[in-house]
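Think of it as A, B, C and D in the order they're written, each chain with its own count starting at 1.
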Amino acid sequence: MNLVIKRAKVSKTFQVAIICLLMSIETFIGSIEIRNPLMLASGVLGTTYSTLQRAYKAGLGAVITKSIGPRSRSGNPNPSVFALHEIRSLINSVGLANPGYQTFRQDIEQLVKSETPTVVSIFGENQTEFSEVLDGLKDLNILGFELNLSCPNTEKGGSQIGTDTEAVYSIVKALKSKTNLPLWVKLTPNVSDIIEIADAAVKGGCDAIVAINTLKAMVIDIQTKQPILGFKRGGLSGSAIKPIGIRYIYDLYENFREKIPLIGVGGIYKGEDVVEYLLAGATAVEIGSAIGVAYPENIIRTITMKIKKYMKEHDYSSIGEITGGAHR
Amino acid sequence: MIKQTLPNTKPIMCKIVDKEEECEDTYTFLLEVPVEVKSAKPGQFIMLWVPGVDEFPIGIAGFENNILEIGIAKMGEGTEALLKKEIGDYLGIRGFYGKPFKTPKKVKVNHLLIGGGFGMTPLKLLTTNLIHQEEKQEIHVFEGARNKSRLMYLKWFQHLHDEGKLIFHACTDDGSYGYKGFPTVDLEKFLQEVEGPSIFYVAGPERMMKAIFDIGKKYDKVIDMQMSLADRYMRCGFGVCSYCAVDPTGWRICVDGPIFNTKQLEQITDFGVYKRLETGEKERI
Amino acid sequence: MNLVIKRAKVSKTFQVAIICLLMSIETFIGSIEIRNPLMLASGVLGTTYSTLQRAYKAGLGAVITKSIGPRSRSGNPNPSVFALHEIRSLINSVGLANPGYQTFRQDIEQLVKSETPTVVSIFGENQTEFSEVLDGLKDLNILGFELNLSCPNTEKGGSQIGTDTEAVYSIVKALKSKTNLPLWVKLTPNVSDIIEIADAAVKGGCDAIVAINTLKAMVIDIQTKQPILGFKRGGLSGSAIKPIGIRYIYDLYENFREKIPLIGVGGIYKGEDVVEYLLAGATAVEIGSAIGVAYPENIIRTITMKIKKYMKEHDYSSIGEITGGAHR
Amino acid sequence: MIKQTLPNTKPIMCKIVDKEEECEDTYTFLLEVPVEVKSAKPGQFIMLWVPGVDEFPIGIAGFENNILEIGIAKMGEGTEALLKKEIGDYLGIRGFYGKPFKTPKKVKVNHLLIGGGFGMTPLKLLTTNLIHQEEKQEIHVFEGARNKSRLMYLKWFQHLHDEGKLIFHACTDDGSYGYKGFPTVDLEKFLQEVEGPSIFYVAGPERMMKAIFDIGKKYDKVIDMQMSLADRYMRCGFGVCSYCAVDPTGWRICVDGPIFNTKQLEQITDFGVYKRLETGEKERI
């Protein structure tokens, strides 16, 4: 009784603020629990333990590393990333520049030591390479692996694999037999039928589907008549691809429902964008371009507050309840 | 509409309107920026695209009437191709990126600008700004090079020195101009004698900066040291890729720097120790 | 001699203006000559003879009609088109609403009478339907047909056909045998390998490749948790897709070179965008969203002037010289 | 930041803050627009999204303090679903689209507002603006309906009439209120007597508008006729789809209209003759 009386005295807006603060937005991706549904997308702030740690400390639920391969690679010549201001987007052809798994182990170890929930994105040109990388890292105390079957910026491997249902199935199946750690499969939007590919991944035994990677794109400078990117071709990310990412998550959810957790990526800049992905069917999201361009601390705080406010206004008590809301 | 800075977008193509040899293997280029921009701050940089060849970070040496001045030192393929560009050719720029040097307003201090090589480019713009500041303050410029023919902006600084606008301390390894020896030695001598608080503004090879940092730490009268960590690999220039980041803070040199102050430098454990390559691998400095 | 002296007296800027005015930017798409490389994309201002005629009078080289099918269709429920302001783009699910070829004949006849160079876009759910529409219109004095194998906004047909190499080959081949009029094939970007599909169209005997149609997309309202479009799913056009369109034209040109004319579509708003498509490999372009949103008269004038200015500055004397410039 | 108008974007969700029966099968809704907008002009419209049901054009009856007033007449499924919406529910709006009525500044004219059905909504906003105009001018409102219970804004106009702000000419087919007969007849009688130049502002069924247009043509003192071609199918509302276009000019009602003046109406050969359906097919009016 005493408590009730005290409560009544607290002002309405103060109550809302408190509720938002206390509101829990932790969520599960399969068996993994993360403190909130926001994760860092692979390739953004993802090549050093210190930037990954910083992004986590800034308030994310987990981080995905830059895609790591069997050997060190310098990636494509510069320019390899630039902004397209008018459509609030980026184009990049970084092309899997990475130190190789043997060297990157140190960075992962640092992350583990600092208790940063880390998903390691890995890639290879074929099953053997994927296995090598996985074998070289699977003893670490990480959340799981994200298989990058979808990078458009390399000559071999990458998105070629991601458009081939059989390759997807057999790689996922082979890797799954090697580890108990969750395996997420990241899909490319540059396919005729994403459901088919996702189906192969699910049949192979993957633990979550991540969509989407960047869209095949290019920019030419008309003054010098040169493609601007050093690699000429690149991948589009940012606001321009949000309606496309939403569509793919919606289609995937329509097909799989609760059968497999979906992780939405592409063009998230605001809390509203996250909610849109959740309603479309995502269980969690990854944010790339937006976090890179801004101060991670600021943008993550703003996004998180907005999500909580939305949940309050719409009477949601958990993230999971929002998932798939647009299908009802 | 005059913009505060350029939008962060694809390279904006600028015509080369002037090109002059500055010193050995080093040229000054003047670029006409087709978008009206308000100003550039010393320490900021651009990503410079040499079409069809490469893109890399370059400091801003001057910016007036929408003409951008840069100074390019020959390093490898990219800068070599750039040095072959002539008046009328086009180069792409992105930026202006990064946090600038910060000069205290109202406090009377000695401004010690210390650098070498292409590190002199941001120090040139800083000098220009300092000598235009209302209150006259003492400005000392320490420049080091192998020999006289490699002292960047030698004539420019010497002229300002002669006019009493600043005191120019040139140092060469071979004594062909100014003090014979490293600028670190010259600087330390100077510090022992100088009175009142001093601030360092440093841009040059990271090893040299680390040595200067260790010297500065010994003197209480050095109230701040600002250093340009511009000796690192950059890809995007605006914070997305993380290839330029330092440990363990995760600061991106391109966004959170390139200028860091004493407090920040103390937290950067890899300062002067190692840097990341374009693969993300570490390399000892 | 006399002439030379007179010329010298004319001021420089006046000379430029005159040169621009006189500058010819007519171009050939295969055997078809058009007065300039700008065309109206199908589905924008394309359902009535009067809007098509207006667009032509505003300064275009030719117009493509809304895609016409065998029967009248009301298309999808509204909302079926809206703008995405932040990325200067549109999403639509108009879904081939059209009066059917028998009724639309009247509109085409009006266009022919007014000497508007008209390409009729046609669609069908299968080869029989395509044939029926083509047969019903091929006697008209039109420039040619554009086969819409790529609409993402219908349940059957549309982009399903456009992702199937065999269907593309056999439809093009069958229609080609029925008419001497040029057949253009419009491709969807929603495929794993656009070259493969284009190859089928070329083998089938098509006279030009048009790329791209809209990208699969969707927008969900988070307040009401509903997909906004009446059809739920839609297609993305406008600035967001320009880097994607450029990439496809570039890839197509890299593969086909002079073998087949390419027509670039997607996100053109400025003269610079047209030049970018030409440099990527296009012979001509189509403009949709941008012309629809603005006053056709104004935007077409501005674009045309910019192209001429560019040609002057870069010493081009014909559009054809620009084509493929980024591949050199 | 107060915007001149809303950005052309996806539907902006607005809360219904009031709902009232206006007359038979017709309701007024007040919507709270969450983006600050300067003003709406009479004759402009919005695309109104009834979530999950339909989207269609709706005229603007009032706009003050960011509260949008609309009047909805029951037609088919879409408007029926809309009329079931209650206070607190959300509706999406796009717009404000279209060209407004233009009232001459400085010239002394009789303003004749003529309409029926939901055509009264833009005329309401026009009335509001006219009676706020500096110079007092004579305002006549002609409204026609089947019977008294279908006269939209009856009380509102009658009240203004009683206050001497305007002269309200109500007409009903059955004589249950005002003049018994069509407003065209009442209008023509009025025209014969009135002195000085007059301007028509008309909104209602296209057949009625055509009849009025033919009447106006007979009188030199009718110096302009502005009519809202709002009896046509619209899809996008901002000019892209062409389903709303008129022949042979290719004007899009949503962008080049919905308000057209005498000169324009004379060029529109399908005015009062046929309109396009959502398939693009023509239908006789």
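Here is the rule we use: contacts are C-beta pairs under 8 Å (C-beta built on N, C-alpha and C of every residue); 3 or more make two chains touch, one makes a residue touch a chain.
Being a predicted model, the structure only gives us computed values, none of them experimental.
Common neighbours of chain C and chain D: there are none.
Separation of chain B from chain C in touch steps, taking the shortest path, is 2.
Between the CA-based centres of chain A and chain B the separation comes to 37 Å, rounded to the whole angstrom.
Centres computed as Cα averages put chain A at a distance of 50 Å from chain D. Between the CA-based centres of chain B and chain D the separation comes to 65 Å, rounded to the whole angstrom. In chain A, the residues that touch at least two other chains are 84, 86, 219, 226. Viewed as a contact network, the protein chains form an open path, each link joining two chains that touch. Chain pairs that touch one another, listed by label: A-B, A-C, C-D. Note for the complex: chain C touches chain D at residues 43-55, 66, 72-75, 77-86, 90, 92, 94, 97-100, 103-104, 110, 219, 221, 223-224, 226, 228, 230, 288-289, 292-295.
Interface residues of chain B facing chain A in the complex, by the touch rule stated above, are 7-11, 13, 47, 49, 51-52, 54-56, 90, 92, 94, 235-236, 238-243, 245-252, 255, 276-282. Residues 84, 86-89, 91, 163, 190-193, 215-220, 222, 225-227, 232-233, 236, 239-241, 243-244, 246-248, 250-251, 272, 275-276, 279-280, 310, 325-326, 328 of chain A touch chain C in their complex.
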